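Alright, structures below, take your time with them.
Each of the next two complexes has chain A plus one more chain, namely chain B in the first and chain C in the second.
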Partner chain A sequence: MTPAEQLKQNSVTLASATQPQDGLTARRSEALDKLRLLPFPEKKQEAWKYTGLNALTAGQLERAAPALDADADIASSIPSLGDCVIVIGNGALTGQLPALPKGLSVTPLSAESINDAPPDTFFGWLNTASLSDGLLLKTEPNVKVPGIVHLVFFNQAQTPCHTTNRLQVELAEGSELTIIEHYLGSGPVLTNALTHVQAGANSRLVHYRLQSESADSLHIGNLQIDQQRDSRVDSSQLMRGNVLRRNDVHVRMLESGAELTMRGVFIARDTSHIDNHINVEHVAPHCHSDQVYKGIAGENGRAVFNGRIHIHQYAKGSDAGLSNNNMLLSNEAEIDSKPELEIYNDDVKCAHGTTIGQMDAGQLFYLRSRGIDEASAKRMLGTGFVNETLHAMQDEAVREWATEWLGEAL
Partner chain B sequence: MLEVRDLHAAVEGKEILKGLTLTVKPGEVHAIMGPNGSGKSTLSNVLAGRDGYEITSGEVLFEGKPLADMETEERARAGIFLAFQYPVEIPGVSNMEFLKASLEAVRAAQGKEPLDAVTLLRRAREACQHVNLDQQFLKRGVNEGFSGGEKKRNEIMQMMLLEPKLALLDETDSGLDIDALQVVAKGVNALRSPERSIVLVTHYQRLLDYIVPDFVHVLADGRIIKSGGKELALELEQKGYGWLTGEEESA
Partner chain C sequence: MSTEAEIDKLVRREYAAGFTTSVESETLPPGLDESVIRHISSRKGEPEWLLEWRLAAYQKWLKMTPPQWAHIHHPPIDFNEVSYFSAPKSMADRPQSLDEVDPELLRTYEKLGIPLHEQAALAGVAVDAVFDSVSIGTTFRGKLKEAGVIFCSISEAVHEYPELIKEYLGSVVPQGDNFYAALNSAVFSDGSFVYIPKGVKCPMELSTYFRINEAKTGQFERTLIVADEGSQVSYLEGCTAPMRDENQLHAAVVELVARKDAKIKYSTVQNWYPGDEEGRGGIYNFVTKRGVAHENAHISWTQVETGSAITWKYPSVILRGDNSVGEFYSVALTRGRQQADTGTKMIHMGKNTKSTIISKGISAGRSENTYRGLVRISPRAEGARNFTQCDSLLIGDQCGAHTFPYIESRNPSATLEHEATTSKVSDDQLFLCRQRGIDTEKAVSMIVNGFCKEVFRELPMEFAVEAGKLLEVSLEGSVG
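And then the complex of A and B:
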C-alpha cells in the first residue's frame, strides 16, 4: 500500500468511526460513499503539485480529536475583536451560546439545513463524512445585524488527531452581517474546516478568516461562497504558516450584479508551508470581482498560490481582477504562484498579475542610513508590503490586531 | 570631525576614488564640486556605508573612529546624516512611522529618552513647516508619489529632526527650481552651528549662492585636485571644470 493509499484508508476509517445517531447520519454516509470513490490528494494531481501531505503520516487521519480539556484556558488566548463571541473547542460548542444580536439566529446544523453541495474536494467530503457538530448562522431579511460576530474555532491536542469544523452562513435577502472566522489552538492537530456562505439577494457580508493557530498545528480548509443577485461579499483571509496549511476558496457568482472583494496575506517563515487555491467563477453576467493576495516567505518557508478566474459563456460584462505579489526573504524560501484565466465570452474586462521579488536593497539602505537596525528595517518593509492590503479592511479593531499579529511574523 | 585619508574605493571592482584626502572640522561647511563621473556620489555612498561600495585602501575617521568598522545604522546613530540624491519611495510605511523609528534609534544611541508622541508630532510638524512641506506628507508612505522637490525637502525635514553632527548633502540641489532651492538652503542654514559640520556635494555652483561654504574642493577622477575658499566656486562657474581638469592633464 502506498502512503497515499494508506492515508485514504485512514480517512475512510476515521469517517466511519464518527457515527453518532443524530440527524446527520444520512448526510455522513452519503459523503462517506463519495469519499471512498475519490483518490487521496497527491503531487501528481495538478491541484496538489506543490503541496505534499506527508506530514499527515504522523497520524492526523487516524483518530478524531478528544474533547477539549475542561480546564483549557481558551478565553485568555482570544483577542477582543467581536461583540458576540462563540467558541467551538475541538469541534464542539463550549458552554452556552452567548446572547445573540438582533436579526441573527445560530442553530446546530441538521440534515435538513445542511447545504448539500459541499466543495467537491477530498477534505470537503471528509469534513461532511466526519461531521458531528456544525453551526448554522442565519440572518433575518432586511436586517443589519449589529456589531461583529466572532466565531472562535479552538483546536488543541497533544497527539496527532483530526478535528472537524463546519460553519454555514446564510444571509437572507437585504441583510447585512460581519463575521470573523478565527482559528486558534496548538499541537499536532489537523483542523479540517469547511465554511459555506450563501449570500442572498442584495445582502452584504464582511468576512474575516483569521488563521492564527500555533506553528506546530495543521489546517486544511475549504471556503465556499455562493453569491446571489446584487450581493456584496468582502472577505479578508489572513494567515501565518504552520506545519501544513492549505485553503481551497471557491466563489460562485451565480446571479447578476454580485460584487466580490477578496484580499489575503500569507506569511510562511522557518519551515512552514502555506498553500492557497482560489477559484472565482463568474457564472452570471455583470458581476465584479477584485482580489489582492500578498505573500511572504522566509528561511525555508514555502508558499503556493493558485488563483483561477473562470468566466462562463453567458457571463457577459464580467469585470474581474486578481493580483498576487510575493516577497522572498531568503535564498532557501520558495513561492510558487500561478494565475489562471479561463474566459468563455468576449465581453469581459479581466486583469491578472503576479510578482515574486526580494526585499528592495535601496529601501533597506535608506532605512538603515537613518539609524534603523537591519532587523527592524526588514520588519518595517515587510509590514509596509502587507499594509496596503490590511488598510483596506473595514473594521479597525481587526485591522489593528492583524497588523500587530502579522508584524510579529516579520 | 571627519578625516578622509588617501581614500581609494571601488564599485563592482572598478576603482572610482583614487586617493581622496579631506579634513572637515566642527562648524565648517565644505562644498565638493566636480563634473559627472568624478566620484562625488561614490564618496557620499562610501561615507554612508552602502553595500557594494568598498574601501580598497586608505581610511575614513569620524570623531577619531574608523568608519569601516561601523554598520550603516551605527554611522547614523553616531551622528552622520546623508541626504540622498535620489530618495527612495517606500509604499506602505508612513513617513511618521519611519521618523519615529529613526528618531528613537538615534536618540537611544545617544542615551536620550524617546520623545513622547505629542512632542514628536509637534517637532515633525515644525520641521515640515520649515521646509514648506504640507503636514499631510507625514501620513503618506515615505516619499510615495512625492515630486522631486518634495522628496528633497523631505530629506531636509528628516535632517532637522535628527540634528546630525555631520550632514552630507548629495546633490540635494539637483533638479530643484529656485524657490525650492531657497527653501532647502534655509533649512540647511538653520542647522549651521559651531558643533555641526556640513558637506555639500554638488554639480552646480548655484547652491553656493544660498549656502555659503567655508571651503570649496574640486573633485576630478577620484581625487581632490584643487581646494580653496568660496571664491573658487565663482571661478569654476566662469571657467567651467575643463579649466581644472585640463590643468591636471598638463601637470
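And then the complex of A and C:
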C-alpha cells in the first residue's frame, strides 16, 4: 500500500467510526461511498501539483479529536471583534448559544437542511462523511442582522487527530449579514473545515475568514459560495502560515446581477506552506467579480496561488478581474502562482495579472537613510504591501485587529 | 452586416493549399515495431549508433502513455494505423541537384508559392523542402558553404557531419522527453540541419518548407540548429498538407543550441490542413520545440499558428547561461472546430536572464484556444526577469479562450510579471470602421491584424506579409 492509499484508508476508517444518532446517517454513508471512489490527493493530480500532503500523519486522518476540556480557557484567546460570539470547540458547540441578534437563527444541521452537493473534493466528502455537529445560520427575509456574528472554531489537542468543522450560511431574500469565521487553536490537529454559503436574491453578505491557529496545526478548508440574483458577497480571507494550509474556494454565480469581491492576504514564513485554490464560476449573465490576493513568502516558506475564472457559455456581459501580487523574501522560499482563465463567451471583460517580486531596494534605502532599522523598515514595507487589501475591508474593528495581527508576521 | 448567403459562401471557402500531388510514392505499410525502425534506418544508410539510438527511444516510447493534461479532445490515436515512412519514388536514388528532381515535386512547391529554383527564389532565402518523409532539395547550398554555414537535410548531415550530429542530437530534447518526442526519436525521417560556425552571421534567411502529401502517413521530422559562439541565424519554417477526411499525425522535434553570444531567431508559419467545418480530418500537430541558450545567447521563437485540427506545441527556452535572453511571440488563430493548446516554457537558470512572452490567441467558430505557459526561476537565477502578456480575442459565443500560466519563483531577486486579458472585437471599433465605409469582414480583419501587430513585427518581412494574409483568409466567414 502506498502512503497515499494508507492515508485514504485512514480517512475511511475515521468516517466509518463516526456514528452519532442524529439523522444524518444516510448523508454520511452516501459521502463515504463517494470518498471510497476518490483518489487521495497527491502531487501528480493537477489540483495538488504544488502541495504534497507528506506533513499529514496517519492519526490526523484516523482519530477524531476528543471533546475539549470543560475547563479549557478559550475566552482569553478570542479577540473582541464581534457582538455575538459563538464558540465551537473541536467541532462541537461549547456551552449555550448566546443571545442572537434579530433576524438570525442558529440551529444544528439536519438531514433536511444540509446542502447535498458539497465541494467535490476528497476533503469535502470526508467532511460530510465524518460530520457530527454542523451549524446552520439562517436569516429572515428582508432583515438586516445588526452587528457582527463572530464564529470561533477552536481546535486543540495534544496528539494528532482530525476535527470536522461545518458551517452553512443561508441568506434569505433581501437580508444582510456580517460574519467572521475565525479558526483558532493549537497542537497537531488537522482542521477539516467546510463552509457553504447560499446568498439569496438581493441579499448581502460580508464575510471574513481568519486563520490564526498556531504554527503546529494543519488546516484544509473548503469554502463554497452560491450566489442568486443580485446578491452581493464581500469576502476577506486572511491567513498566517502553519505547517500546512490549503484553502479551496469555489464561487458559483448562478443568477444574473450577482456581485463578488474577494480579497486575501497570505503570509508563509519559516517552514509553513499555504496553498490557495480559488475558482470563480460565472454561470449566469451580467455578473461581476473582483479578486485581489497578496502573498508573502519568507525563510523556508512556500506560498501557492491558483485562481481560476470560468465564464460559462451563456454568461454574456460578465466582468471578472483577478490580481495576485507576491513578495519573495528569501532564497529558500518559493512562490508558485497560476492564474487561469477559462472563457466560453465573447461578450465578456476578463483580465488577470500576477507579479512576483521583492522588497524594493530603493524604498528600503530611503527608510534606512532616515534612521529606521532594517527590521522595522522591512515591516513597514510589508505592511504597506498588504494594507492596500486590508483598507478595503469594511469593519473597522476587524481591519485594525488584522493589520496588527498580520504585522506581527512581517 | 454580411448576408447569410455571403457568410455561407465564405465559410465554404477552400483551404488553398489543400491539393494533392500525384507522384508515385514508396510508403511503408501502417504499423510500428522494431523492423519499421530498422527499415527506416537502413533505407537512409544510417550508422549503427543512430539505429541503436532510435531503438532506445522506441523502448522508452513503449513504456509511455500519451499526455492527457492538455485542453484538447480527440479519439485515441491508433499508432498502428499510421505509416511511418513515405517517399516519392523518384527520390529513391538521390538526385544530385535540384535540376534532377521530379518536376512534379517542384511544381507542388511553386503552387504553394515556394519556388525552389534559385534564380526565382526570394533573394536572400535558402530553402530546404521536405516532402512527406524526405528532403527533396536545398537551395543556395554553394553560397552558404562559402560562408562556412552548413544547411542540409538531417539525413545528409548524418553522413557528412557525424561528429556534430552525435554531439548535439538529443542534447536539448532527449529521447524520452515526452511521448511524442520519444516517438519522433524512434522514427524521425528527415528534417533540416543547420550549423553556423564561430563568429559567422548567416548571410541569408534559412527556411524549411514541410509538405505532407501521402494519405495515412505521419510526418516526423527533426530539426537541429547549432549556432556556435558569436554567430547569428534567422530560420523560417512553413507547412501545409492536402485536405483529407482522416486525421494525420505530425510529431516533430526541433532542437536549438545557441552557444555563448550566439543568436537564433526561429519563425514558424504553420498552416497545416485544419479539417473541415464539422471537424473532419486535419492534422494533429504534436510538436516539441526547445532551445538551450548559453552565456549571453539569445533565442527567439515567433510563431503564427493558423492551421492544424489540433495544435499541441510549447516552444521553450532553457536559459542556462548568465545574461541569456529568451523570447516567445505567438499568434494562434483557431476557427471551425480547431483546438490549440500552445504556449511556451522559460526556464531561468543563469544569472540576469531575461524572457519575454507575448501571446495572442484568437478564437472563432466553435474552436478552443488555450495558452499554457511555464516560467520557472531556479534558485541560482539572480536578477532574472520575465514579462508575460497573453491576450485573447473571441469572435462568436460558441468558442472558448483559455489561459493557464504556471509561474514559479525560487529566487527573491527575480521579478516576474504576468498579465492576461480577454475581449471581443468591440462594437465601437467596428462601428467606426463601418462608418468610414469599410465593410465588416475587412474591418474585423483590420482589428485582428492590429491585435497581432506586436507579434507580426517580430517576423521577417516576407513572412509578416504572408502571415497577415493568412489571417485574413482564415478569418473570412467567421464574422456575421
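The working rule: the second predicted complex is superposed on the first by the 409 of 410 C-alpha atoms of A that agree within 3 Å, B and C clash if a C-alpha of one lies under 4 Å from a C-alpha of the other, contacts with A are read in each partner's own complex, and residues count from 1 in each chain.
The rule is simple: a residue touches a chain if its C-beta (ideal position, glycine included) is under 8 Å from a C-beta of that chain, and two chains touch if they have at least 3 such contacts.
Note that the structure is a prediction, hence the values are computed from the model and not measured.
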item	value
First, second, both or neither for A:Q363, with chain B first and chain C second	first
Which superposed partner A:A351 touches (first chain B, second chain C, both, neither)	second
When both partners are placed on the shared chain, which of chain B and chain C touches more of chain A	C
Partner chain(s) touched by A:T383 [first = chain B, second = chain C, both, neither]	first
Touched partner set for A:D373, first chain B, second chain C, both or neither	first
Interface residues of chain A shared between complexes with chain B and chain C	none
Complex contacts: residues of chain A adjacent to chain B	360-363, 365-374, 376-377, 380-381, 383-388
Parts of chain C lying in touch with chain A, wherever the complex brings them together	69, 377, 379, 392, 394-424
Residues of chain B defined as touching chain A within the complex	48-51, 71-73, 75-77, 82, 84, 87-88, 90-93, 97-98, 101-102, 105-106, 109, 141-142, 158, 162
Chain C partner contacts - residues on chain A that touch it in the complex	46, 313, 316, 326, 328-358
